[in-house]
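Next come the structures, one after another.
What follows is chain A paired twice: with chain B in the first complex and chain C in the second.
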Partner chain A sequence: MKLTDREEGGVVILEPKGKIMGGPDATILNERLHDFIKTDKRNVIIDLGKVDWMNSTGLGILISGLTTMRNNGGDLKLVNVTEKIESLLTITKLITVFENYDSIDDAVKSFKT
Partner chain B sequence: MKDIIKEPGRIVIPSDPTYLQALDDFLEETLRGFGMADNDVADVAISVTELVNNAITHGNMNDSQKTVEVKIVRNSDQVEVTIKDQGLGFNPGNIPDPLSDENLLKETGRGIFIVRSLMDKVEFETAKNGGTRVKVVKKFTPVEE
Partner chain C sequence: MLNIILSIVFALSGAVLVLLSIIILRENYRGRVNRVTAMMLFFAGIAPVLATVYYAIVLPSGRELPLWVYNLSYIWELFFPSLLLFSAIFPVENSFFKRRPRLFYAAFIPHIVHIIIVVFFADPDKFFSTLKMTSDAPIIGVLLEYLSYVFIPFAVLFSLALEFHVRFFSLVNLFYVIVALVLLYQGAKSVINPRIKKQVKLISYGIRISVGLYAVAYIIPQVFDYDLNVQIRYSLIIIGLLGGPGFIAWAIMKHRFLDIRLIVRQSLVYSLASAIVIGFYLVFINRFGRFLNSVLGETAAILEVAVILIALLFFQPLLNLIDKLLRKGLIKGSADFRVVLENFSRRIITLLEFDKLIKEILRTFKEDMLIENTLVCIPGSKGQCAVYSPFELRPAPHKKDRVLESFLIVREAPVTADDLPTPALSAETRALFKDNETEIIIPLISSHRLMGYIALGKKASGMAYNTEDLSMFRVLANQIVVAISNARLYIESLERQRYEEELALARNIQQQLLPDIIPSNERLQFTAFSEPSREVGGDYYDFITSTAGNQLVFCIGDASGKGVPASLLVARMQAILHSISQADIGIQDKIAHVNNVLFRSGMPESFITFFYGELNQDNMLFKYCNAGHNYPILLRENGECEYLKDGGLILGAFGGATYISGEVGLYPGDLLICFTDGITEAMNPSDEEFGDKRLEDLILRNRNLPLPQLQTKILDNVKEHCSGRPFEDDCTLLLMKVLPLS
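Right, the complex of A and B next:
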């Protein structure tokens, strides 16, 4: 997995690419999310459009990020969820937990309402 | 730490998540060789990496001197994958329901549930000489023969 991040309208946008299956890649994503809290960045979008698939390790990282951001007064939202990942979110009922948008613009705007 | 062993239909990795990428490469190569479609390859790869994660963490307790063996066999219209660790055994009946309200936001505990959802058959067995053996079966229609 490769990971890039950028900022748009005060919102951090994380773009993982590849597969999230555990091991060092998962650690990088988890640590990056927690780094944002230290720099007072609490509103995060994860763009999953280039993630082929993830297993429960990846889902655990998303939940960890979500609870960390919400506990610090922010939020974590998902964008461009692929069919494969959406099916995993659905069978695990996590689809009910995450706000999910079709575009980064819509997700960024949602933080301002 | 032990060395990785890779041969047709079989890979043995040390108990270290660093080797998951090598495992995934092996799975992709083998399953695509069977003519499996992308979606089915993903289902098997998700499930096997899930089970190997469990084998490393809960079975072998991250002991790098212990290994996890993965074997893949094509049997007509299905693939059978066997994952074996060197731990003390595992009781799949003891897993809390990951869909219950009190567990929904937990970071762990939904791996076996996902495997059962994606695979056509999942069997757990504690081997006589120790360790857990998990066999998963996925039916598929080859995209090309």
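Right, the complex of A and C next:
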């Protein structure tokens, strides 16, 4: 997994690329999220458009990220969820926990309301 | 004839000592031990050389030299103060002299005065005649005459002193030698190193022999006015002189390999070998020539040439042979660095225990290479560096010094302390190196990674490290790296073995979590298969028969991740489930309870997808709750597929989640297929999943097969899809068939 980030309207947008699996991926994302919290950025969007595959550990990483942000008074929302990942979210019923949007704009706006 | 051979042997031996002295000085001309040893060997060597010059050149030429020129040869007696100084600083510096450095050089005063006297006042009579001053000038002449009367008593006293001096100065020398021996013994007492002890012993033997010979040849005749044949006396002194320093030279070579370069040893061997061969050659030619003369008379001249030619032919091989023998006896001792290297590598390669290996490394540097204060530093995890020292049983922890480590990686080869970027090093490192009196640091590098480093203190001899030492350390470092790698691999293999044993145990425990008996009766048939991708896995299925009688509980689950962490989660899950499954509460509340307990005890990123069902065998009503698990497929008799989705979130990730339960009636011919994602996400070589669709089609096509065959069919198909590769994920398949009423 490769991870890039940028900011738009006070919201951090993370863009992972490739497969989200266990091992170092978990640490990379977790450390990045904690860095954001330290600099008082608590609203994060993860753009999953370029993630082609995710296993159960990958899901665990997203869950842990969501918990981290919510425990710190922020939120983590998903954007551009691919069909494959959406079905994964549906089966696990995580779709009820993660807010997910079709576009980054929608997601950014959702933080404003 | 004897004279010639003796002269040659003496001259050569003397020359070797002088040569050795020059090389020792060149080795490190600033070093005190070097200077004093060189001086001692030089004065010891100069005497036989001067004697040979006299016997071989001056005497045959028949020329008379002035007496003071002969007396100049007395400078060899400076050997005695040099010996005294040597013993004052070797093997350890005497504290008395250390506190009084000037006194150190004052030891030379008596001898220098002595030489001045014997050179300038070589001829007392001549000296007196110059005192008898006369002058033609009337007044001055009278004055001078009176003055000379004044001088005469002094002159007489002086001549008496001179007489006494010449006779008894040898006693001063004797005194020096005795003091030297005492100092040497005192120094040896404070030495722990067995090799240096041996060395000192050898040196003291040499000095005792030479002092004995000197006493017999010189002191006894001088003091007791006894006349000894000049030649015998001379030979005794020279043998004595060669003996003492010879023993010292031998001791240096035998027990201290670091301080003498290979070239020196070779040249030494060569000179000695040549001396012996030339001596032998001369004797042989001479005797053989005389023999031929007596037998053949006048024709011998031609034959003599032939003999010389033959002798020359044999000369080189003979020289080689002697060279080889000498080398074997003299150089290839336990102290030779090649021998040390050889023994060292033989010993350490077989040492697989890390601590023992480090001890052997420390021992080699201390005992074989005579380096005091060796430290072996092995950086470990968590910013720590273990420092092993020969004086401590356990390594002392130190903070890692990144600057030092990256410096050593760049330099790769052994470095001297002067080359270190000392100001940039951490205070702890600087203190460590200071205490250790570190002079050399040897990095241990394996494929650009620093495995550790060795900090060497001073040599026990006090001599400085030279380039030969550094290149040898380089070779040593490579061998140590190999040995440490081997020891580490061994430790790893031991750990892996233990880990595997533990895993096998864990696997056994996990197997016992799975039900032993798969229930079956006249109405229901089950098959179950579960295989972890690793030794232990995170898949789980279970059957719980209700104590109430007609209730059958079964479930399937999949913990996130793989291996040991997942299996621990499953074990916990099973415990919670068994404690709650018999409770008289709704199925959704049981699952919510399991979720809450798991959530409280776990981390949010680890979770379980879980399908739980309770079948009432009286009315065949099946209640279930699907907590985020792959939808089980209910294949009806008529070929319709239903997916059992009702439930809620995965377990353990979010506290307080609520669940709903689903309810279906089961009828004869119904087939329920529960599985984990290991089945549907099994990949073929082109990264294509087996998928839900393929599974569904397969079941539809084969639904009339007996249940065990259906299970085999599904698993075979999945395996075929993976092209025989082992499963990447844990795979579990649970099949249930409602049997037709008979």
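Basically, the second predicted complex is superposed on the first by the 113 of 113 C-alpha atoms of A that agree within 3 Å, B and C clash if a C-alpha of one lies under 4 Å from a C-alpha of the other, contacts with A are read in each partner's own complex, and residues count from 1 in each chain.
We adopt the following convention: a residue touches a chain if its C-beta (ideal position, glycine included) is under 8 Å from a C-beta of that chain, and two chains touch if they have at least 3 such contacts.
The shown structure was predicted, so the numbers you read here are calculated from the model rather than taken from an experiment.
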> Superposed on chain A, are chain B and chain C clashing or fitting side by side?
Replying inline: clash
> With the two structures laid over each other on chain A, which partner does A:T57 touch: chain B (first), chain C (second), both, or neither?
Replying inline: both
> Of the partners chain B and chain C, which touch A:K19 in the superposed model: first, second, both, neither?
Replying inline: first
>> In the superposed model, which partner reaches more residues of chain A, chain B or chain C?
In response: B
>> Taking the superposition on A as described, I'd like to know which of chain B and chain C A:I91 touches: first, second, both or neither.
In response: both
> Clash with chain B: which of chain C's stretches 38-46, 182-190, 560-568 or 632-640?
Replying inline: 560-568
> Residue overlap on chain A between the chain B contact set and the chain C contact set?
Replying inline: 22, 26, 55-57, 59-61, 63-64, 67, 91-94, 97
> In their complex, what parts of chain C are in touch with chain A?
Replying inline: 558, 560-562, 603-607, 609, 627-631, 647-650, 653-654, 677, 681, 729
> Can you name the residues of chain A that touch chain B in the complex?
Replying inline: 19, 21-24, 26, 52-57, 59-61, 63-64, 66-67, 84, 88, 91-94, 97
> Okay, in this complex, where on chain A does chain C touch?
Replying inline: 22, 26, 55-57, 59-61, 63-64, 67, 91-94, 96-97
> Which residues of chain B touch chain A in their complex?
Replying inline: 17-21, 24, 39, 42, 45-47, 49-50, 53, 98-99, 104-108, 110-111, 113-114, 117
